Amino acid sequence: MVQLGVNRYGKAEIRMVRVGRGAGSGGSDVLRDWNVSTSLSGDLAGSHLTGDNSNVLATDSQKNKVYALAKELGPVEPEAFALALAPFFTSSQAPISRARVSIDEYGWNPIGAGGYSFARAGDLVRTTTVIHDVDAGTSLVSGIKDLIVMNTTGSEFWGFPKDPYTTLPETKDRILATAVNASWRFWPDTFGRVDWGWAFGRAKQTILDTFAGTYSYSLQQMLFALGSALIAAIPEICEVRLALPNRHHFIVDLAPFGLDNDREVYHADDRPYGLIEGSVLADFAPDASLAWT
Amino acid sequence: MVQLGVNRYGKAEIRMVRVGRGAGSGGSDVLRDWNVSTSLSGDLAGSHLTGDNSNVLATDSQKNKVYALAKELGPVEPEAFALALAPFFTSSQAPISRARVSIDEYGWNPIGAGGYSFARAGDLVRTTTVIHDVDAGTSLVSGIKDLIVMNTTGSEFWGFPKDPYTTLPETKDRILATAVNASWRFWPDTFGRVDWGWAFGRAKQTILDTFAGTYSYSLQQMLFALGSALIAAIPEICEVRLALPNRHHFIVDLAPFGLDNDREVYHADDRPYGLIEGSVLADFAPDASLAWT
Amino acid sequence: MVQLGVNRYGKAEIRMVRVGRGAGSGGSDVLRDWNVSTSLSGDLAGSHLTGDNSNVLATDSQKNKVYALAKELGPVEPEAFALALAPFFTSSQAPISRARVSIDEYGWNPIGAGGYSFARAGDLVRTTTVIHDVDAGTSLVSGIKDLIVMNTTGSEFWGFPKDPYTTLPETKDRILATAVNASWRFWPDTFGRVDWGWAFGRAKQTILDTFAGTYSYSLQQMLFALGSALIAAIPEICEVRLALPNRHHFIVDLAPFGLDNDREVYHADDRPYGLIEGSVLADFAPDASLAWT
Amino acid sequence: MVQLGVNRYGKAEIRMVRVGRGAGSGGSDVLRDWNVSTSLSGDLAGSHLTGDNSNVLATDSQKNKVYALAKELGPVEPEAFALALAPFFTSSQAPISRARVSIDEYGWNPIGAGGYSFARAGDLVRTTTVIHDVDAGTSLVSGIKDLIVMNTTGSEFWGFPKDPYTTLPETKDRILATAVNASWRFWPDTFGRVDWGWAFGRAKQTILDTFAGTYSYSLQQMLFALGSALIAAIPEICEVRLALPNRHHFIVDLAPFGLDNDREVYHADDRPYGLIEGSVLADFAPDASLAWT
């Protein structure tokens, strides 16, 4: 005999662009270019076990609500949107006890003088995830994906254990390159007073400054430095989780061609890559509960 | 003040091909085409906080061990490989208390009569993940990624709630298409006696048979049918988790061109898509502990 | 001063699934899963120079015609569809003198006994491109993309020149792996009598047989063998063009770990890769004219 | 009987990073992050027909030369690199009569004050392709890939023909979004005097300015405007080829929810998309010869 375990369902990757006509400085347009995903949980056993869909708000209806809410709210920050959307589902659908809203935002930079022309900023993806549970309350995690950075020096790696499979030489000077994937959880009592746009901008700048300003003995050390700096820079954050791929740049051996290679010519390898994952917590950070699910 | 939270590190996406020379039926070669990722946890605070790497077995050393073990074990099933590799790290490195080994396997079909020619089977990815923790013991989860299936009929969706954002018409006959992403957890006491190759083949066939044989009122119902069938077919499985994207096929309106369209011409849409996720558990299934982390 | 040069426009990547209800053997459904692209050329200077769109059949209209024609023709072979579609545009739109129709077909294998369940065959993409020009006539090129094959032995590479940058050792036994991308052009007078389904199946099997059956001294040699075999197997073909990436599999040096590695453990590298491109022509093959544009 | 047709071979996607230590302003490092592909043609019949590789400079040797030349030349512009590399192959290998060198460059922006920290600029890819043929001479084409831009207004599309498959309504105000893929060919006698870095920067800015400054009645019109502006801005250019996907943004119908939608909420569709391709030539532009092959 079997039983139904945890489950959820929703609409993934709703590619919505919200134009705020004249909503920007000087009357320029504002762009919100989003990839929105919704996911609902609750009393859904009927649908799984007998095909009774009376509790299953169609994913198409979820999508429609996303579009309608965007009209109603205007070109707001993604956190504000997700905080408004998640409770809508639980409050309007009695069998739904938990809603998850996740948004990826793609940036655009204004071009020209007309106020309506933009070029996509391809340098990173801004993210936010809100989970609202009728019992456990609301969590909010924002972040950055794929902020690719490199230090051409200022990185060492040595002092590691030498097991029988260790052939890596120690180095006092290597390239350190990674794609910063960082997510930060906010203290629950702060949602009403955070300036989300400011917080994201400050987080991005803090990551760039910390990466550039940290002399590194390991990517783990860089990870902890990034997490610590984010919590210091934005006190409303209680936890940071990071996943840092170590994008290896191997020095090319030019000796066979009669050339030296003093940290000048590198091969950027695709795979395999190191992957460093970790969390940094503010002291007394509350339990994460559902925030990372 | 901040503190270090959960963390792990390792080498991701080691693209290894192990050729078993003459190891197959009739003396043909056997291919194991893998993408291996390792991840270690333990006493790693020094590396994060002070750059002291004395506990950090280099990810390069982890990669080397993967290659060496493949030589030693021969072209074994991925589960056998992962079960051998994970404890190696914890037993040989005192500060390491937990190791995670994850393998994606790409299939190849023999061609020709020579026993050494193959064509890649692009229809799915076989997966396995072993986590060995010195305290919590060992877990093993295997699975399938991207097994894409379609029923051109035999699927309904109706009886769902109509909220103010519901415009989706009910349907008694639609295309049901999905990419089956399924993972199954084995009972811990079974690792020594499961025939991994048999189990994978039976799981794949069970998925195909169940998908083809289930009249569906919702993708949730299909999810539960798939999970139940897998547990019934392979008693060593205690839990199945599935993620089923609903690959929408929209009927094209041909009326403007004076043509009817009785379930013949469809637009296969990319995004957004429904996403149905859920778990099915055998009765008395043990707690998952670290298995899904 | 500037002038307008060659130009064309159309709708790309129309993802259409055509279900032939009961059209298959034993009354099973037939699936045509296509990615269709159209492109038109002709008297389009007005649109480019002055924004006069009176000659510009909307790409949306082109898309609609694709859907409508699929309804009308039924689940035909992609070549038959493209041969019907391309002249439609030139004959119905006077300013349009040339039409290009390109189709990628994704294969599906039947599963179950119901006749309406399928699993996607992910092993290759079938392609066809028809160009119809009111002056130059009609060309037809079909092909295969991404048929990935590997010989674990039976491949040598030696005797190459040694310039000052050559460090590659000669080898008498290496893995040869590639993704066959082949396109074959048909003699213009054959379109009316080729069994397109047969031709594609025979081409695929010929590629597999030839790859498995050819002892190789270079990937160039394999390319010529593949092209020659296709022309021999399907006399209606007058030219074959191939692009063969050399998917390098590097033997891993296990000596530091006290292990030999007699062609057993390989690293499958992503980039860079060799890329071998070439054409094989039947004697007296007609000029390609627009066929490859 | 069959014969060998046109052919070429080389190493594709050499991912090289060249660090110019202290070579930048104020002693900062300079980064050249490249994806280099080489391709050689000539007397290669032996390799294809008999496996005689005596004329086949190994693709591995080509790769080594790329690395070595990068050391020797320093962090030069990609055009300068390609112009130096291509003739090397034809002059050092007698059987090789033609060489093609293609480079994709990924941009990086400096961060921090140290002069050695960078963040990847993900907004476009800079490209260049040099073809050197011992008979036909040298051609050079540079360009941009994936410069994604959007006008939220200032775009109309109407006056197009209405065939029986036309359902698209005319519009006097739509979003116009595209990914600019542009390549520009230089007059052959200019290679020695073009400032490649200046030319690329001016081309990019010209594209942005022209896109923002052009009121559009069709994407074809925008294409011609872009090509014309590039030739006007950089007189050393004799031809521009553009491929502009029309990234459709569909207005969402919010009427069922009692909401109007005056150009505010859009669905950004993936596929299908319009694709507009065309060339703009300077008067008296020389024949392209091999430049676009």
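As written, the chain order gives the labels A, B, C and D, with residue 1 at the start of each chain.
As a working rule, contacts are C-beta pairs under 8 Å (C-beta built on N, C-alpha and C of every residue); 3 or more make two chains touch, one makes a residue touch a chain.
Source: prediction; values computed, not measured.
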| item | value |
| --- | --- |
| A-C against A-D, pair bridged by the larger set of C-beta contacts | A-D |
| Farthest chain relative to chain A (centres taken as mean CA coordinates) | C |
| Gap in Å, rounded to a whole number, between the CA centres of chain C and chain A | 38 |
| Between chain D and chain A, distance of the C-alpha-averaged centres to the nearest whole Å | 31 |
| Chain A residues counted as touching two or more neighbouring chains | 14-15, 64, 68, 165, 167, 256-257, 270-271 |
| Of chain A, residues touching chain D in the complex | 14-21, 29, 31, 33, 64, 67-68, 70-72, 108, 111-114, 116-124, 146-154, 175, 208-209, 211-213, 249, 252, 254, 256-257, 259, 261-270 |
| List of chain D residues in touch with chain C within their complex | 1-15, 37, 39, 44, 47-65, 68, 92-93, 157-161, 163, 165-168, 216-221, 223-224, 227-228, 231-232, 239, 241, 245-246, 271-283 |
| Of all residues in chain A, those that touch chain C in their complex | 164-165, 167, 256-257, 270-271 |
